[in-house]
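Pasting the structures here.
Two complexes follow with chain A in common, the first pairing it with chain B and the second with chain C.
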Partner chain A sequence: MPTDIYLNVAVSGVLTGLVYGLMALGLSVIFGVVRVVNFAHGEMTTVAMYLAVVLFATLGLDPLLMMLPIAGVLFVFGYAMQRWLINPFISRPEHSQFILLVAVAIILANGLLIVFGPDARSVQTSYAFDSFMIGPLIVDATKTFAGAAAIAVAAALFAFFRFTRLGTAIRACADNYTGAQVVGLNVPRLYALTFGLGAACVGAAGAMLALITDVTPPLGPSFTLLAFVIVIVGGLGSMPGALAGGILIGVVAAMAGLFYTPSAKGMFVFAILVLVLLFRPQGIFGRRA
Partner chain B sequence: MLIVENIEVFYGDAQALDGVSLQIEEGAIVAIVGANGAGKTSLIRTIAGMLSAARGRILYRGTDITRWPSHRVCDLGIGQVAEGRQVFPTLSVAENLAMGAMLPRARHSREQNFEKVYAMFPVLMERRHQAAGTLSGGEQQMLAIGRCLMGAPDMILFDEPSLGLAPAIVQSVLRCVRDLNRDGLTCVLVEQNVAVSLKLASHAYVLENGRITIAGSGETLLADDRVRKAYLGL
Partner chain C sequence: MIGRLVADVPRRAALALSVFFLVLLVVPWFANDYLLTVLILIFYFAYTGQAWNIMMGFVGQLSLGHAIYIGLGGYTAAVLFSYFGISPWLGSFAAMLLAVLCGAIIGFLAFRFRVAGVYFAILTIAFAEFARIGFDHFTYVGGSAGFFLPVSNYSQSDLWTLRGKPIMFYYLSLGMTVAAVILCHLMIGSRIGYFWQAIREDEEAARAVGIDTFRYKLLAVVISAAMTSLAGVFFAFYYNNLFPEEVFSINRSIELILAPIFGGLGTLFGPILGAFLLTGLAETLTAAWAALGVDVPGAKQVFYGICLLLVITVLPDGVWPWLYRRLGLAGRPE
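And then the complex of A and B:
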């Protein structure tokens, strides 16, 4: 094997990992603030992917251009779901939240199955086979756009939380729920906003994933699981951690496919999870509790 | 200004308040004293909209605010300096203060209130970029008071503002309550320092097991045998 191929595959893994990292970032933000584990995360990802597929198939709209509109649709979906479905469950036992979100997940997956059938769908753009040559590197154009977009969206979200008053108010809710009530923050509305933003990450990531992989209705649970793995590896509640975890998992999966066999990807990814849980349980970027 | 009528509050099946009524006049300092677990914090939180009364009414300037959510109660001008200070530990001092001014009623006066609070507590100005969790207990209490003032309240509910502070700082916190009252703020003061709070208060209530058992002017209660025995150790 020529040595360049390692680098090419690694770069491809990084770029794909960034997109998965963005999806996982949504899970991390929602859990970090609302303390709800979004078990419908993967199904929301497949919904976003199907949106991208349909927009491309019917109107010829490029998923990269549709990334923000699809993120907007998922934002509205996430906002409404938190506001009217999950908020009433906030003070109930965790298992009832769990079953609620599992129900949402199954409803979404079934809905997709009814509308689209079981066959795999994908998006074939005119630049699907283009690539850039950078020195000895050959980088897939689609993945480059997707990776760059993932970084841009994550950076925008990070800036929102760090520099705006509304973002600070969301951090305040995460910091001290009672304190947030004491100063009169509208916590249910801020929770809905947070869930909406997490869902928007899913929307943007899903639009780009439609360029990278095929989508079928029952794909949801494996995305949810992947998001968990990334968030745990990167560090629960850490925004850079979600992206870093995504990159690590992306590279490991790509390398496993190259050195061994593509069917070994899952094995290596979960081996990384076990190693992290053993030797750094708080995750790469996580703070010790 | 504030009328509480016969409220009952429960945590699950456990009753915390059992028919509490009281009245707060505009411009007053009203003390609420009582042993640990008497229901003082529950009373404050019910007024603030953080707990919901099962029965009874709460009226503020003629408006029925029973079971209003906390963000709406705050926006009417009822601020709270909560038990345990409840600052945002990872947010900076300045961010904590800004969170106090998120209320619609306080947005337009944000800059003046920042100046006012920094003038009142210069140490907050010095530490404005520091995370609130790194402040000392006394500084955190100043931050909690400052954050409350950022919301431009007309009435402040103080829940044990001197709890866990060094004696010298206790003095300055209570002096701060008195000064705010002189500037026109109505104050409700829950305190473990019964003697001092009764001296400050124009009116006071004794809460026992979720019920008001004694009420009267601060001086009357200071002279009351039951109060002297139970709370002043005399």
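And then the complex of A and C:
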């Protein structure tokens, strides 16, 4: 095989990985602050994908343009869910939170099944088969746009947490729950805001994923698992870690598909997860707790 | 042994349990095949719930990958029976051995490298997913096309090869559940059981008073894995087919932990009550939907999800501890 193929597959893996990384970033932000593991993450992703599909099918709106409105819808959804559903569970044990979010996942997945049926849906844009030639590389146009958008959204979120007062307040909640309450921060509202922001990442990522893959209602758990793997490999709670983990997993999956067989790429992904959990449980970019 | 079994059971509870058990024993004479299948499903969940509860309810280790033991158990016994004609009763020992080995590896890695809490849960998912994809490519057992046990129309049930009618599987599943409850009752009241509960409440403190936490956590994983693998053997011989996408899936792991959490974690009767309520709810919904003539795929599950959500919001400890208090019983719910 010529080297070109490896490079092409690697670049494609990086770009897809960035989008998955953005989805995982949502999980990381939510866990890092609210300390709740969002087991409905994949289902929220499929909801966002269906929103993109429907907007494209009925109004002809491009998912890349609809990325921000869909992120907005998911923000409201996430905010409301944290505010009224999850907040009473903050101090309850993990398994209790787990059942709650599994229930949410069941409702979302089957709600989608009722509305859209079991058939796979996708978005076919006019530029679906376009590509750029960069030297020996042939880069898929859709994936390039999606990868760039993922970086932009992640950068905006990073800037928000780093440089705004609200972002600083949220980080304070993450660092010290009691301390944040003592200095008068409205913790439940900030938690809801964080969950909303995490859900907004999912919304943006979902809109772009609709361009890359088909969507069916039962796809949720596999997205949830993928997000877990990425976040743990990158470091739970680390924002650059989520993107880096996404890239790593994207490249590994693409390479496994090339060298071995596409259906077995999940095995390599989970093997990496096990290795990271055992030898660097804080993740590649994480700090030790 | 028998003395210890009944010594700390209050007389009223013992009477209630006996009546309950007797009713279950004679049910097949009055029930049709449909009701029998529902009850088999209930016992399957009560049994697996009991097995999972050892790890989570007794020792506080959240496993979300128990499907791996179901799958390993099912495949081992099914392959031994189909390819070599070995009875599932003997195959069960091989199944347990393999599950114990697998559980020991997962437990050893996790506890040796201090993988705990959410991370431990995700490690267990990772192993189950790994097995799922591995079996998808394992052509000796059919790969993703699945593995099928030989079936024909049985006029009589053959207990030795587990080929037969629902009534045999009914008594088998009932027996397994009762045995699991007795085993758990004995374990939780033993020295090991107290060590487990100490680890669950405060692992640091348990270590400080000299409990070898690594060994006892590993023991819990191994026992739970062995018990779950038997449920896998049951699954294989009852349904007569195995698909990696089906037996190793995350959904299988999740469905078997719902009953114990819903019923009451760490209690003996909780998983049983949870299995009755959840399976009962699901079947009632199916019947109600059919009676109403509604045929919308997914509608039933949405309703099921809403019920789950409401109950876990209102009764975070599960139904059994709440019911226990309402019944005015003293002490801690068992």
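The rule we apply is simple: the second predicted complex is superposed on the first by the 289 of 289 C-alpha atoms of A that agree within 3 Å, B and C clash if a C-alpha of one lies under 4 Å from a C-alpha of the other, contacts with A are read in each partner's own complex, and residues count from 1 in each chain.
Note that a residue touches a chain if its C-beta (ideal position, glycine included) is under 8 Å from a C-beta of that chain, and two chains touch if they have at least 3 such contacts.
The shown structure was predicted, so the numbers you read here are calculated from the model rather than taken from an experiment.
Within the superposed three-chain model, A:G184 lies in touch with chain B and out of touch with chain C [touch as defined at top].
In the overlay built on the shared chain, the residue A:R171 is in contact with chain B alone; chain C does not reach it. When the shared chain is aligned, no partner comes close enough to touch A:G257: not chain B, not chain C. Touch criterion not met for A:P240: it reaches neither chain B nor chain C. Between chain B and chain C, the partner in contact with more residues of chain A is C. Using the contact criterion defined above for the overlaid structures, shared-chain residue A:L113 touches chain C, although it does not reach chain B.
Applying the stated contact rule after C-alpha superposition, one finds that A:L273 touches chain C and leaves chain B untouched.
Of the two partner chains, neither chain B nor chain C is touched by A:P69.
When both complexes are aligned on chain A by C-alpha atoms, no chain A residue touches chain B in the first and chain C in the second.
Listing the residues of chain C that touch chain A in their complex gives 56, 62, 64, 109, 113-115, 117-119, 121-123, 125-127, 129-130, 133-134, 136-137, 144, 250-251, 254, 257-258, 261-262, 265, 296-299, 301-302, 304-306, 308-309, 312-313, 316.
Residues of chain A that touch chain C in their complex: 37, 85, 88-89, 92, 94-96, 98-100, 102-107, 109-114, 117-118, 217, 221, 225, 228-229, 232, 261, 263-264, 266-267, 270-271, 273-274, 277-279, 281. Note for the complex: chain B touches chain A at residues 48-50, 69-71, 73-75, 80, 82, 86-91, 95-96, 98-100, 102-103, 147-148, 151. Chain contact summary for the complex, chain A toward chain B: residues 165, 168-169, 171-172, 175-176, 178-188.
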